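Next come two complexes, and both contain subunit A; in the first it sits with subunit B, in the second with subunit C.
Up next, the complex of A and B:
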């Protein structure tokens, strides 16, 4: 087999995998701290892409100002989501949290259809389809930037979690809510930050991908289910597990598509999820099932 | 008494003259809302232009013609409703439509039951033709080429003029895409072109790089694509970004390729088969395109042209039938000999299917050129 063919497939997979990771880490973070599965996560990715389309198209922003603006706006959306809705949930109301986030998802999707119609749109940045080639491997600039943005987001998230007090508190709550409360950590502040970070990650993923793919109101739906599969495979609440699984899945999917059929790509994630649930229910990187 | 009789007579006379001047109603079932509304509008504009010209030339059988458009939203259930309303409430003498293949297929049983002539001009599903004519739905007539006719025309051109041997197919995972791929395989056998692979992707697939990578390694002579709207736009963006050198072909909608790509020469060598292109260089087509552009400020679409000619063909049949009786119109339609602006003569075969030319275009030196008209 041609080495260039393999290299190209791996590079393609890395781009997609990094984006999966942005979404999966946000979802995992929110679950770890709040014990809420955010069904609207994919819709915040869609909102990020829609906002990027608005900024690049109608408002005439450049690519980088757009990414920055959308990240800030998504963080703001995360704040509103937490303060307006998620604080109304009491402890141990898992079913209510599912209904609530599903409701948010429906409102966001149909709101986007109402405002922008269901017609998929093409978002162009000033980089257009310019690409770089190393040997026979070709990557468009906007895809490379998407990898760069994702990598930068990982580093920032790591710094927040491991180099700040509030990050430490976040990890503490994820480990043991009761013990964290006992040592005087205020869960509200920590939860708020987790939601802001999680939604900002989804938004920046949308902004980075808007000039790569088509943008439409239901673009987050398939992705959010795949992200669920990723965090289940990686181990619920394990951030590193989510990131590693996401990147690996991107590459494996690309190889499957390359060597067999594209139709099988989407099936793989869910088959892997079922296999992991049967053989290692706590996930590949999980530390055991928590109650 | 005599005055009363005179009044009654006068009234009867007035009523009969009114009946003589009652317009001939033609129904048009097409999507006027929903995602296909833009195309439905061109369908309507084409039929309207034909009706305008017919009326300006004195109408049909001494009566005016009115077109009654009815929205079917490109939805089979809505299409059933639309046909029912046009036939039972509006009392149309014949039906045009229904644009989307699934809508047309849903309308066919109704025209069969109600015995109303139905002229289909835009739907391409081969199934419509298979179910029509002798031994089937005798009321349905189809003026435009089918999927299999279009594929045959394309592969004949690629084999003869481009000496191609291997073509890969990329298609959306729908009736349209699967049908297109099947038609390509069948036509490939006939013209000695190997269809190397047929890859299907779900509508709205964001990423095509895996497919592009695979096809670059496979090195076919061309890649035939069957994708609609945003998927085709997205495909071409990723194809150009990927720096792919294999030319594109298939049912490419030239009007929906990024103008920049065409201008830069990034998609040079792209060939396409389509039922119509406004650039076709015949006097009749130029005159039609000119009239259409003067009225609507845009070049005619495939929908505009075929709808215009289907309306003319129906009017010609009514004129020859000498009445608006459904059976008489149907018999007249069977005997149609209509000179299409594309150059072929429209006549219906045993399956009530006409065989107009298909238009082959090529993007060359940053512009779209018509490079051939092939029989279907």
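Up next, the complex of A and C:
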């Protein structure tokens, strides 16, 4: 085993782990504030990637304008999702929220297959396959940018949550809905922002990964299910837990893929989740059992 | 169901199930009939778990596939006869159901949905990637026609769509009759009580876990056997037996039919097995339509059409009283 190969695997794992983290934090945010598990989360990631492909390929946008445009468009999609559908859900309608968002997912995914076919397509940016070498490790620029974009998104999210009043309100609702209502927090406004942020994170993840991997209508399916596993392992509602678990999972998967079997690579998240549920049901970073 | 109208509907339904194959319906129509019967069992299994006891399970398709793969492998690799192989497949699905739900029920309803979903995905990965066990993406083609020893008829080869239709019909009637007895019994009422208010049910001295395991185990057994029979009709089992399409279709049937409504779900199974065939739409468009139906149902009829009818009936009684 040589060190360069190991380092290469770790870097590749970091890229995918950061993307997992973007999705997991969005899901976790929406779950924490609205108690909704968004089954369509992976499809907004897919839409982000498809839109990035469209902007980079057909419209001839540059890489950075594409990322900015897709982020804004995803935020808009989040607003529409919230105002059109999620506002109809009352509290304690967990199963209804799953079925509603599952319906949205079926429409988006199969609609995309119908319009664009299921064929994976390659998206190229102006950076192509240009890469930089750090020691023995070679990293393409678009992978580095993906890590950078994810890191920037984390910082922005942290600033919103911990340095603004509405972010404080968001954390308050996630902590205790009743107490938050009592001190006069308006849940609708906060919920709207949570969904907009969550979907924007999913969209930007798609845009960042589009030039790294291929883009196709079902690219979000396995990813979103892994993200569910991540937020269960990290502890439902724990943002930091979700982020740490996501990055760790990306690296572990990459190492398994390099040294062991591809089967185990994809199955690992689910096996880990079942193990965590049996041994520590509140999750690795959970505060306590929520029933 | 003692009113004349109900008797008439039942007779009509029975005639619709029995007469067309006797009158020489096309092979295509019989195939649609077989898939309706399989979906009737699957949707009723999901109805037992989600409709009666209130657990949203995504693992049903995995139970169906475990039954399908086990039966196929036992027949092809071990040379078992059809019936014992299908029964063993059902029992394996039952065992998987108990183990998975025991783990999934540890935390909450929230984690139950996610864990059962992960179990279905794990099964997909095993079917596709564990080539030594499941033969991977190519699956197991060329399943032999089952041979049944029927009293009075001797050995009968089930090798035509019509013969498979009768076999599936016989199984579906037995399975559904059993579920019907169960949900109309004290056990069924207890399950509904747990769905409506688990804490109150516990206060009455009911142990919800036992009833949950019973509902999931039974639905896994019934789905597993249905899967075993169904793949011998297809003559091949491959990872597509785990397609998310089955889960989505089952869910649509239970939601539109009304969770906890035995006949409503059967009616919805008939509608959603036949209508898409009649529309002959592209499969993607059909799933877009299903998704839209699911969203619309969640917005307009959260308790399904069956629940909506029931609410209207209750409202009428209240007016009369």
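Note that the second predicted complex is superposed on the first by the 289 of 291 C-alpha atoms of A that agree within 3 Å, B and C clash if a C-alpha of one lies under 4 Å from a C-alpha of the other, contacts with A are read in each partner's own complex, and residues count from 1 in each chain.
We take it that a residue touches a chain if its C-beta (ideal position, glycine included) is under 8 Å from a C-beta of that chain, and two chains touch if they have at least 3 such contacts.
What you see is a predicted model; the values in this text were computed from it and never measured.
Enquirer: For the combined arrangement obtained by superposing on subunit A, do subunit B and subunit C clash, or do they fit?
Expert: Subunit B and subunit C fit side by side in the superposed model.
Enquirer: Looking at A:121, would you say it contacts subunit B, subunit C, both, or neither? Reply first, second, both or neither.
Expert: first
Enquirer: Output check: A:42 vs subunit B and subunit C. Expected answer is one of first, second, both, neither. What do you get?
Expert: In the superposition, A:42 touches no partner, neither subunit B nor subunit C.
Enquirer: Figure out whether A:262 sits in contact with subunit B (first) or subunit C (second), or with both, or with neither.
Expert: both
Enquirer: Quick check for you: in the superposed arrangement, does A:228 touch first (subunit B), second (subunit C), both or neither?
Expert: Second partner only.
Enquirer: Please indicate which partner A:110 is in contact with in the superposed arrangement: first for subunit B, second for subunit C, both, or neither.
Expert: Only subunit C is touched by A:110; subunit B is not.
Enquirer: May I ask you to name which of subunit B and subunit C touches more residues of subunit A?
Expert: Comparing subunit B with subunit C, the partner touching more subunit A residues is C.
Enquirer: Check whether A:32 is in contact with subunit B, with subunit C, with both or with neither, and answer first, second, both or neither.
Expert: The answer is neither, since A:32 touches no partner chain.
Enquirer: Scan A:236 for contacts with subunit B and subunit C and give back first, second, both or neither.
Expert: second
Enquirer: Could you tell me if A:12 is touching subunit B, subunit C, both of them or neither one (first, second, both, neither)?
Expert: first
Enquirer: So if I take every C-alpha atom in subunit B and every one in subunit C after superposing, what is the smallest distance between them in Å?
Expert: Scanning every C-alpha pair, the shortest subunit B to subunit C distance is 5 Å.
Enquirer: From the superposed pair, tell me which subunit A residues show up as contacts to subunit B and also as contacts to subunit C.
Expert: Correct list for subunit A: 261-263, 266.
Enquirer: Which stretch or stretches of subunit A touch subunit B in the complex?
Expert: Within the complex, subunit A touches subunit B at residues 2, 5, 8-9, 12, 15-16, 118-122, 128-131, 133, 138, 140, 209, 212-214, 216, 218-219, 253-254, 257-258, 261-263, 265-266.
Enquirer: Using the touch definition up top, name the residues of subunit A that touch subunit C in the complex.
Expert: Residue positions touching the partner: 37, 85, 88, 93-96, 98-100, 102-111, 113-114, 221-222, 225, 228-229, 232, 236, 261-263, 266-267, 270-271, 273-274, 277-278, 281-282, 289-291.
Enquirer: Mind pulling up the subunit C residues that touch subunit A in the complex?
Expert: Within the complex, subunit C contacts subunit A at residues 50, 54, 56, 103-104, 106-111, 113-115, 117-119, 121-122, 125-126, 129-130, 244, 248, 251, 255, 282, 284-285, 287-288, 290-295, 298-299, 302.
Enquirer: Along subunit B, where are the residues that touch subunit A in the complex?
Expert: Residue positions touching the partner: 35, 173, 199-202, 204-207, 209-211, 213-214, 216-217, 229-231, 233-234, 237-238, 240-243, 258, 260, 266.
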